[in-house]
């Protein structure tokens, strides 16, 4: 029962953490959906709970009675049809159930899951619990970025919680980036251990890389301001045709959350609200289009997801140091690079120049689980690493995150690379 | 100072009433804007307050300091640009200021208006106060219909407040409708008294009417079900081309808030939630397109706004009885017709077959007030009467309400008429 | 048989005129539909023919065989569904039937109609023929304005036909506009004779007018340039809310076909292509929104349709002179005002401030004919008079033309009016 | 001068071929643009000519005077702004220049290019000529598919030219598909010869393949009907999320040009118009979404572009036979598989499961040429092979075609593959 006990502990920890992320919010903040990508915090609270209710309780308990049958429609992300559908569920206008009611729903489901796990259950169920917890950790990251979007698009620029002590940033003695190398050859990528991982990381396979050098540091705000000042957003030669269309249709002139006031750049942050730009920290909230254009302006390129994975595995000795950074992820903003370390994982998700496609031998799982990853393998680009909003035990070097190339409300950033001539 | 004292009393009464309307809401209900027409209750609370802050306090108090300058952008209905605009204000996603903060804003402004009115002010200012109160009464009606939209589109169909005693409906002994007449001739319409009225009711002028007969009763749910069962929504011959386009583009098959469940009609109401249709009360929440199609199906037509005004003036002796109904407007739903009375004003707004256009001699006021009515005189149809959501002292027989022909979230209904052959 | 003979002659004349209007076109010009309002000339040729095939031949000839059954779908303006519909008919992409084939279709149907009319037919059929010819005259005007749109939006600015001798314009000795009056009182409007007219002109009825004065001249290009130079398109106070929205959404800065080149206004005309603006001729190709804004800028207003009709009837002695102008309608552009005449009918359609609504006693005809006018009586404004593109025997003082307030590809213009104080 | 002479001959041949493809059209067919993807044939004729005028004549002839400066705006595919832009160029509504005028433009430019090539020019110019001819061959294929779209969406279903003798199809003795193999290992892909190729085929590089088996035959109409009959279009489990959204938004139920009439499938073809489906020929006009869903239904997958290239190189001995097929490309429809051959290249473009991304070491050319391929490397999928509409000397095993996953008006088809377990 050791695994089961560990999981039960993790269950409590993860479920608590989700509520804790929401604690600083006002009731009003839980309700809105300003853009399609951004879900109301209340919905995340309900949806992650519904996931356990359906996958664990309803599937395994005889004659299980739903907490509230209508929650199936309200908190299911697929919006399927109600037998006699009388109304469309629209996530962003759902004022009821109230926050209080959703929190009560969480409590009841948690109580029931914990009772259920008091007795020995078989491994398949534990696998589902583990999936549910990883699913919830993904929603924790979304919660943070969705909250940032909601507060950061409010004219009053409220802060999310107590101010972060900026003097911490100054501890970072800034160092110059250096270029590391991966030489031409055959490498293995993908996951093949026994621990939790998603199906899209399978199966481990060989790839041939042609040799690449890449920066041990992420592109900073200061670097990116150079691009803007050199009219990067006005010169089509740096942009893909789609990117140029996106930029013009949306009037994009800088990363998300940047504001040019009296000719100075300000940035909205969760901890300090609207504040003067810190030039030394990694640029974040850029789309793939912007990441690619920036790299072309530098006459460089992005890494592919395979180059990234091989590089991280090679320079893994320093991974620990970087993982230490994640512990600071309650700061919810990227950190400046510190002396004698690589910025390899954990500050911002890094856009790669790889489309999200199946690995050789990939098999989509049957049923609902198969829908988890496999059905999104078109028109999206892979991001690697993790960010200051990622749960610290949710990192993996084989982890494949993916978004459409115009998305930028996640903590996304840029690492430069180039061929070895 | 008599007028000033009366107005001060009315000020307190009206301002309190707005907050009272919101009292049954949960915090979550104040925030959302499910469709463009429907504003968040919190916004109504702030906007009506801002109206007094700008028109009374800021215009008349030397060196007045705004409660919060940003509220100018947040609660101005015209969304004008901020000097150095750094963000767009989007009514439906404004989680801050919170409800508590907006209520505090109301208190402070009210305090200051009351202090300001303690000293004698000139009549022009009193005119503005009166305008502000009428403006607020219009928003009270919108508040009620917007709340209905928000709750009535929630899968849980919450009720707005304590159940209404349906036995009251039964007191109404239903009587058959009768037809009343206005004969051909010259009549006067429009306002020319000294009391408050909007500029669009001016000036009083003569019209020639060709003779009309009309029902002393509004079309009921039961009548309207007849139209639906006769495939009224599927037969293009009853519909204008625009109406037919609207119906098909939106899949409309019944009035708003109607649900066909197991072949029976249910209706969402503020007081009782989703309940079986009461066949005897006036049909409401229909668009002009539906009102007109229903009338064509009956081989009749709607009244023009002039016929309506002349008719009400003629049969005014019964007006008092009807006005008594309004006192019941906390019921927020139409009432069945009672014996020996006309249903002339006050249950539902009646669509007329008149476009909203200026009267002869109409002069648009200068400045912001001129924008109040005059700039909407195109592509809208006039509604006359008032509804169960209208403040009881906000009725006038010359009052001209107006909406685009597809709108139906107000309490809108149908009265049949026809030419005298 | 006299009426029948006259109609047969008119039939030939009208049908020939339609083809004649198209003669100057290249084959390529017949095919395109640059905006939804503008139909391909080829479609007009086919549609007007199909109208006679269905209403006359198919309805009255036993076992009639259609020229081509598919033409029913191609040339029907209502796009109804084909029994087993296999494809959507999209007017603007119909490269086949070719122009040659459509002209052949016209010839065959004309031959058959003429054979059919060789024998005496009853009056109901003659009524339909007359309707068909009036319908075709309406399409002749649309043909001219649609051709103007097609050629006038081509970068090469082709002319429609031989240049018009501009010296004719100079014959016009320009005179100052004067204001004429209609005093307060009861008047009759609407049609009640025995000749052809549309159902929407019925029935004659009394209206009460409050007295109006109005210009005996239309607003000229020169007048309108004054509005532009006074920043008329940038000052919201002249515009209705809808008009202001339209202007901003479409970037409108001048009437259609105007181009500002090197700070001088040019205008595309059918006869001379792109040429310097003639300041003395009536402004045309303005929307209702623009007409209304111009009038507000002048602190005046537009006539209502009833004022217009009463005014024209009163000043009808000069109508003949003006009708003489129409003979020049092959010029396809408005003329400058000539000495001692009123510009009352015939240069441009005049926007009125009347919504298109039914007259008292209006009865919509049964069947297809009823769809002709009645179903458009919402969201449109009435235009009166006629234009240089209207067939000379298609004018009537009771004629009601109507378009949505944003439309401006017809020859539409402005006459100023104001109340008598 | 040998290369120059050869190119001059090829110039004449290719340029003639383009006009020849258009010969069967009626003038009306040259003008329309039914959807954004499909350009008017007239535009292709002008655009390919403008390409030579700008890249060869204007760049190399001193004081060159454009045939018509406005053609720069009309025939430039990038719609750049005219110095004093007075009008927007809208490809699908350009009735002028006429077809005759465009053909005259072609003649004059061809004459001038031939005069220019009479004297020795340097290799860089010859490279541009070669690029221009390859560009024109791409437009020849687009011409054929665009013509098919224009005619195939006309209710009259006109044929493009003389009927194709279907008995030819019967010569094809249909054989069962077989599975061929490529085993795991390192392979080289990409172009590195001296002949013409596009920048996106560079540079040759190593890839590691994990072993694959694949059909030596393309999926046939008959196979695809099996998918439809098994409710393939109604079962979400076969579709990516984007594909499922596309299918539902567009009501897709079969490949483009298929019509279900009286429960039998018909297909529009250029040579025979609407005809009964031939079950034995390869299915074509499917989107990537459909190709992928079909493969999942079969529990197989598509090839990657690298697997495809390696496979074709391996089985190249049979390539000649297949290339012979192309000679038949005036048939403009896929052919049934013949005995003892592989269907490897030339019937239909084969969707691969590879996103269109740069190869290692890819360098985008400077200037206009760099825009040719590089800027489209996002959100598109690679197609390999070529089709019955591809010019016979335009095939290359390293050739990379690419389209968005929803496009299906090209001759696109499906080849099945699967991992070697």
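As written, the chain order gives the labels A, B, C and D, with residue 1 at the start of each chain.
One rule holds in what follows: contacts are C-beta pairs under 8 Å (C-beta built on N, C-alpha and C of every residue); 3 or more make two chains touch, one makes a residue touch a chain.
This structure is a prediction, so every number in the text was calculated from the model and none was measured.
Colleague: Residue numbers at the chain C-chain D interface: does the shared fraction exceed half, giving same, or fall under half, giving different?
Modeller: Here the answer is same, because the shared fraction of interface numbers exceeds one half.
Colleague: Out of A-B, B-C or C-D, which pair touches the same way A-D does, with over half the contact pairs the same?
Modeller: Matching pair: B-C.
Colleague: So, what's the distance in Å between the C-alpha centres of chain D and chain C?
Modeller: Those two chain centres are 46 Å apart.
Colleague: Centroid from C-alpha atoms only, then distance chain B to chain C, rounded to Å. What do you get?
Modeller: For chain B versus chain C, the centre distance works out to 39 Å.
Colleague: What is the distance in Å between the mean C-alpha positions of chain A and chain C?
Modeller: Whole-Å distance between the two chain centres: 60.
Colleague: What are the residues of chain A that contact at least two other chains?
Modeller: Where chain A is concerned, no single residue meets two or more other chains.
Colleague: Line, ring, star, complete or other: which one describes how these chains touch?
Modeller: It is a ring, because the chains touch in a row that closes back on itself.
Colleague: Tell me, which parts of chain B touch chain A in their complex?
Modeller: Touch residues, chain B against chain A: 26-34, 42, 70, 73-74, 84, 86-87, 89-90, 92-99, 150-151, 153-156, 158, 259, 261-262.
Colleague: Applying the document's contact rule, which stretches of chain C touch chain B when the two form their complex?
Modeller: 186, 205-208, 210, 237, 239-244, 288-289, 292, 301, 353-355, 357-358, 360-361, 370, 375-379, 381, 405, 419
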